[in-house]
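There are two complexes below, and they share chain A, which is joined by chain B in the first and by chain C in the second.
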Partner chain A sequence: MPKDITLTIDGQTVTAPAGTLVVDAAKRIGINIPVFCYHPKLEPVGMCRMCLVEIGRPVIDRTTNNPVFEADGKPKIQFGPKLETACTTPISEGMVVVGLSDKVKAARKDVLEFLLTSHPLDCPICDKGGECPLQNQTLEYGSADSRFLLDEKMRLSKHVPLGDLIFLDRERCIQCARCVRFQTEIVDDPVIGFYNRGRKLEIITDSQPGFDSIFSGNTTDICPVGALTTADFRFGARPWEMNNAASLCTHCPVGCNTTINVRREAKTGGNVSIKRIMPRQNETVNEIWMCDKGRFAYHFADSPDRLKNPLIRKGSELFQTTWTEALSAASEKIKQAGSGLVTLASGRLTNEDIYNLRKLTETQGGTFIGYSRMAGGEIVNRFGMLPGSNLGDLGKDSVIVVVSSDLHEEAPIWWLRVREAVKRGAVLISISIRPTRLDKIAAKTLRVEPGREALAVDAILTGDMADIVKQAKHLLVFYGSDGLGRKATGQLAAACARLLETSGHARRINSGLIPVWERGNTQGLWDMGAHPADQIVERIASARVLLVAGADPANDDPMMERALEKTEFLIVQDLFATATARKADIVFPVLAFTEREGTYTSGERRVQRFYPAVPAPEGLKADYEIAAEMGAELGLALESSAASLVFQQLAAEIPQYSGLTYPLLAKTSDQWPIVGRPDVYFGGTSYANRQGLGIHLPLLPLEDFEIPSGDLDMSLHPDAHELAVYPVTRLLDRGITVTTSPLLASRLAQADLFIHPATARKMFLNADMQVMLPVDGAAYPVRIVLDETVPEGAALIPRSAGVPIHEPQVAQVAPPVGDHASRVRS
Partner chain B sequence: MNEFFVQNTEAIQKILSAYPAGNKRPAVMPLLYLAQRTNGFIQKKTLDEIAEILEITPTEVASIVGFYTLYHDEPGGRYHLQVCTDLPCALRGADRFLQDLCDNLGIKVGETTADGLITIEEVKCLAGCHHAPLFQVQGDGDISYHEDQTVDAAMQLIAELKKKAAEREGTNA
Partner chain C sequence: MFRGLWTTFKSMFEKPVTVAYPEQKRPVRERFKGRHVLKRYDNGLEKCIGCALCAAACPSDAIFVEASENTDEQRYSPGERYASTYEINMLRCIYCGFCEDACPTEAIVLGDNYELSFTGRNQAIYDKNMLLEPVPSGGLPTPQVTEPGRFTRSVPEMKDPVD
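The block that comes next holds the complex of A and B.
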């Protein structure tokens, strides 16, 4: 621990650890030293000079090394001849900081006058106006006049697209370098930079595509002016016209805390519409960041293609119907089916939805199945992170193992936070079948043959990293499904748990297992009692009634698609008329997460609450309500009136959730750095968290639990003329939650088959060749992409990019013959 | 294919060998010099190739080109005459000097004379403030400083440069 240092700032005494910067010490006691370039998450650079203060230090007698005292007994303080930047000066014992003197006021005024010499002052049409640090600080510290000549203002371009997502207004930039530093320091994508010098300085991007970073939106938050804006929000609304609701990102298991800004507007017929999604501070989850998928891929919620009415099948077609008719028809069928009811629920649903669906299914004696391509939830519930753990606390003395997950693509904010931990000294071991962005920061990269990931984990404690792992205070293990099927992920989770147990890290703080689930609430799915099942195809085919909620098996897997034909009666709850919904006998349209409340549980096992952002559209219901109303027809008393009441019931039943309530989930505490407060401005427009930090779940007891054993070798053994095809995950896939946001269109994953050039030669394949890839009895056109990083004999294909491939499999690709392609598909 | 590398393999390897393995980044400066000496200016394609060689992003290389007034990413004249007009120089009349020089040559700041020989540029501090007005001339792989200048002296120098160029080309322009 650094030692504490005491100083005075504007007459107030402050004690803070050595190394603290003057500006931070001041903000901690509520004294605002204005800043532009300084950001507490970035290294200080002292570029803007806004934070100038007077600093005095105690005079030391050089001969005796003792402080010199004034006649009145107070230490003698010597002030420097010039003002100093509070953002680059660390505190020292006895320091006296003056931020209120005339000298300081004059300096701030001058700095602002300089900054404004070439600023366009187009606040009335600027997106930042109303939440702009430059605007606010000019009002508070600046002058109304300028001594500079209007005619000599720089005129620069105002609508520069830096890529598809971010626009730059060159005139507004005050050259603070926050954006450039964020891209370099925090996310290691130095794809924007400064060009030229002095007044001519401009932000540029030279990457292909422009501003090629999945974190680009964050720069618009921390830019202290309206120079950077998102293509999604620019000119969309004024900040003061918008209301906000606390929400969560649903795209991945990180569970970033967000704020949804909404406004009533004429454009949408006087309805409340979503204008933008912003990060909401949660220092244990996403800090003040979010990725571009979370920020921009929300338009599925306001898509015009959403289902608006219940549908019922009459003959070969689906017709609109009333809720009463649909509910009674559905429950009638469920009643008849009895134990022939099979329910598939996915990690897209909230805890409340899943709980009610399980109750409905179980009381009929039916089978409740978690629809997930990953296994290991029961292991995670016993070997996960302990409450109180925080990725932000990992550093020296920590080892992080990431196996079979490209965190940068699958859970971007975890990648960012692992990288920060490595910067603080954590040792990263990266285990995967192909290179990922983790390799660059890993102390050790283990490239393994596909299918042998679990074996590699098992071997860690006998390998060259064994001592480092054993001696580490904290050991955190991420496991994912890159190139793995469901069974293999289960074996992998078991191997990881054994590693934690053998190394002595199991159930210790800041240690444990984190699953990189494929959906935002897959952890909740496990917790609510929905586990993936074997023989899912057979179960679908033999179900008397199949209830599918938040999943689209017909689109995911041709075998499931065919099995659905055999299902006697199919009920679907969804936002869209998915391939599965189109086969259904009854379709219930559901509310999007923006229109309701609920809870999700993140991969770190933090239960978090989200709130309605827009009013629920007429005629739609939440999934838990639909389940409860079907239940009511069957004489079940399930809660349908409020998510909070469902939560009360589930908290009473599910041990880890015991004692939790909505008010508890809404609790917050002070966080550092301070963001979102105009009085002590720091951090950009990220929102302060006033609606809940969530609660980290306790682990389940270990008694009676054995880590499953079994064959760890999951390799495929293709013949010479075959390929072993492994599905991998891309951040921007072609799932409906992404494709509904057209801004992201140019970056979506394609149906490409990545193979090693040597493999291509052996199989007579060439780059860009179109071939047919057979998957479970159907064949799909894919394009060959040569990639030397792919293991020989293997082929990688992005999931949800046009080819429904769930599990690794052996396949023999064939060139399309004539119109063969279309024939096979139909 | 990395043409820049292929065409200058030996020189590039020599430059890279001066830096510790695993830290190629600082070699960006000599590589840019090399590119500029070879082509007269740094083409976008070469810039990308340098980024590839050094394993940094093209944006980072472009930023460096943009920062230094000695690098050019657009074709210009054979000689770049770069006049400092930063504050100290401006106080000693550099603005006026630059304007008069341009008027004499019949071009604007940033433009090149019709014969393609002289480009006039305005730059930031050249660290010779006490000898303003001053400029530097960059060309033929060389840089020279010219301090305490007058327009007449500068025009004379330009005449010499033109003569030198003509001699080297063996023509009598």
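The block that comes next holds the complex of A and C.
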């Protein structure tokens, strides 16, 4: 721990660790030293000069090395001849900082006058107006007049698209470089930069496509003026007109905390609609960042294609019906089916939904299956992170192992936080079949043959990194499904758990196993007791009643699609008329996460709560309500009135959740750095987190648990004329939650087959060639893309991008002419 | 009693103070605050830029504004932003004139029309078309097609108010 240092700021004494900057020390005791370029998450640069203060230091007698005292016994303080920048000066013992003197006030006034020489009078139309640090600080510290001539103001272009998502207004930029520094320091995407100098300085993007970064939205948050705005929110509403609700991002297992801004609008017929999504500070989850998928891919909730009425099949068509009719028909069938009921629930549902669905299924004697392409949840529940762990605490003495996951694509905020940990001194070991962005920061990169990842994990403790891993204080292991199927991820999780156990890191703070699940609440699925099952196709086909909630198996796998035809009776709960819903006998329309309450459990096993942002549309029900109402018809007493009551029952039954309540999940504590207070000190994330930080779940006891063992080698052995096709995950896939946001259209993953040029030569394939890829008896058109990073003999294909492939398989690609009955072997 | 009748009799020869409204109308005072008008520039572009400061200033929450983006092919107002929805609920309005004060472009002005009567609540909501003044002679109706780079400023340069 660094030494504590005591100093005086504006007459108040403050103690802070050595190395703290004067601005931060002042902020800790509630004194605002105005800043523009400084941001607590970025390295200080001292460019804007707004934070100038008078700094005095005690005089030390050089001969005796003792402080010199005044006649009255106080230490003699020597002030510098000029003002100093509080954002670049670290505190020192006995320092005296004066931020209220006339000299300082005059300096602030002058700096603002300079900053405003070319700043346009745009506040009435500027999206930042109302939450703008420049506006606030001009009111607070600036002067009403300017000595500069209005005619000499720079006239610059006001509408520069930096990419599809971000617009730049060159006039408004005050050249603080927060955006440039964020892109370089925090996310390592230096795609924007300064061009020219002085008054001609401008921000340009040098990437193709423009501003090619998945974190670009954050620059609009930290921009202290309205120079950067998002295409999504541009002129959407004034900040003071919007209401806000605390929510969560549901796209990936990180569970970023968000704030949803809503407003009643004439455009949408007087409905309350979502205007923007911003990150909400949670220093243990997403700090103050979020990725562009979370920020922009929310339009599925207000899509006009959402289901609005329950549907019932009469003959070959689905007709609208009433809730009473649909519920009684469904429960009648469930009653008849008895133990023939099979329920598929996905990680898109909340804990409450999954709990009620499980209760409904279990009391009928049915089978409850978690719909997930990954395994290993029972291992994570025993080898995960302990409560109190924080990725932000990892640094020196920590080792992070990432196996089979391109964190940058699958869980961007985890990638960002792993990178921060590496910057603080953590050692990263990256194990994957192909190069990922982790390699750049990894101390050790292990390139493995596809299917042999688990073997590589087992070999860590005998390899050259063994000593470093064993001696590390913390060992954190991420495992994912890059190129792996369900069974292989289970083996991988077991291998990772063995690594933790053998190295002695299991069940220690800041150590453990983090799964990179494919959905936001897959962890909750495991916790509620829904496990993925073997022979899912056979189970679907033989189900007397199949209840599918939040999943679309018909779209995911042609085998399951055919199996669904054999299912006697299919009940679907979904937002949209998915391929599965179109095959259903009864379809229940459900509420989106923006319209209801609930909890999600993140991959780190943190239970977090979200709140309704917009009023629930009439005629829709939450998943847990539907399950409870079907249960009521069957004589079950399931809670349907409120999510919090379901959670109460759930907490009473599931050991890890025992003692948790909604009020506990809503608890917050002070966080550092302070952002999002009404004083709008740093801009962005305009709302402080007052709605909850979530609670980290305890681990399940180890007793009687044996880490499963099995064949770790899962590699495929294609013939000479065949390809081993491995599915990989892309951030922006073609799932319905993403495609409904038109802004992201140009960045969506395509149905491309990535192969090594040497493989292509061997198979007589060329770049951009259209071929048919056979998957489970059906064939899909894909485009060949040559990529030298792909292992030879293998082919990579993005998941959920048009080809329903989830398990690695051997396939023989064929030109699209002729019949598609290519030989398939899997 | 006679004194009272005398007063009555005397007043028969006085000039009446009332007017025969609605046939006859009195001119309003210079600073009368009547129904709002949304002004246009001489070229026909709307002065309103949809900043919603009037709505923020309104003490009775009578104004609702929704903004959209201008393009040179479809330009309603100078600059990037215009009001795509502008509604005032005249039943709520207390004619205080704060909206006028808040307006950065002098777009909203309380006019001299005081003849507001409605038979339903919905009629009391005046939308943008009802509030906008007619296109001045020589101007063009909005949206206009304008040459790129000409109308880039939302807020015009204005002198300090003299009146």
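Miscellaneous remarks
Basically, the second predicted complex is superposed on the first by the 811 of 826 C-alpha atoms of A that agree within 3 Å, B and C clash if a C-alpha of one lies under 4 Å from a C-alpha of the other, contacts with A are read in each partner's own complex, and residues count from 1 in each chain.
As a working rule, contacts are C-beta pairs under 8 Å (C-beta built on N, C-alpha and C of every residue); 3 or more make two chains touch, one makes a residue touch a chain.
Treat the numbers as computed from the prediction; the structure is a model and nothing was measured.
For chain A, the partner that touches more of its residues is C, with chain B and chain C as the two candidates. When both complexes are overlaid on chain A, the residue A:A795 reaches neither chain B nor chain C. When both complexes are overlaid on chain A, the residue A:V191 reaches chain B alone and has no touch with chain C. Once chain A of one complex is fitted onto chain A of the other, the partner contacts of A:W240 are limited to chain C, with no touch recorded for chain B. Of the two partner chains, neither chain B nor chain C is touched by A:I674. When both complexes are overlaid on chain A, the residue A:D206 reaches chain B alone and has no touch with chain C. Applying the stated touch rule to the two superposed structures, the chain B and chain C interfaces on chain A have no residue in common. Across the interface of their complex, chain C is touched by residues 120-122, 124-125, 129, 150, 155, 158-159, 234-238, 240-241, 265-267 of chain A.
By the touch rule above, chain B contacts chain A in their complex via residues 47-48, 56-63, 65-67, 69, 124. The touching residues of chain A, counted against chain B in their complex, run 189-198, 202, 204-207.
Within the complex formed with chain A, the chain C residues making contact are 49-53, 55-56, 64, 66-69, 79-81, 84-85, 87, 104-105, 152-155, 157.
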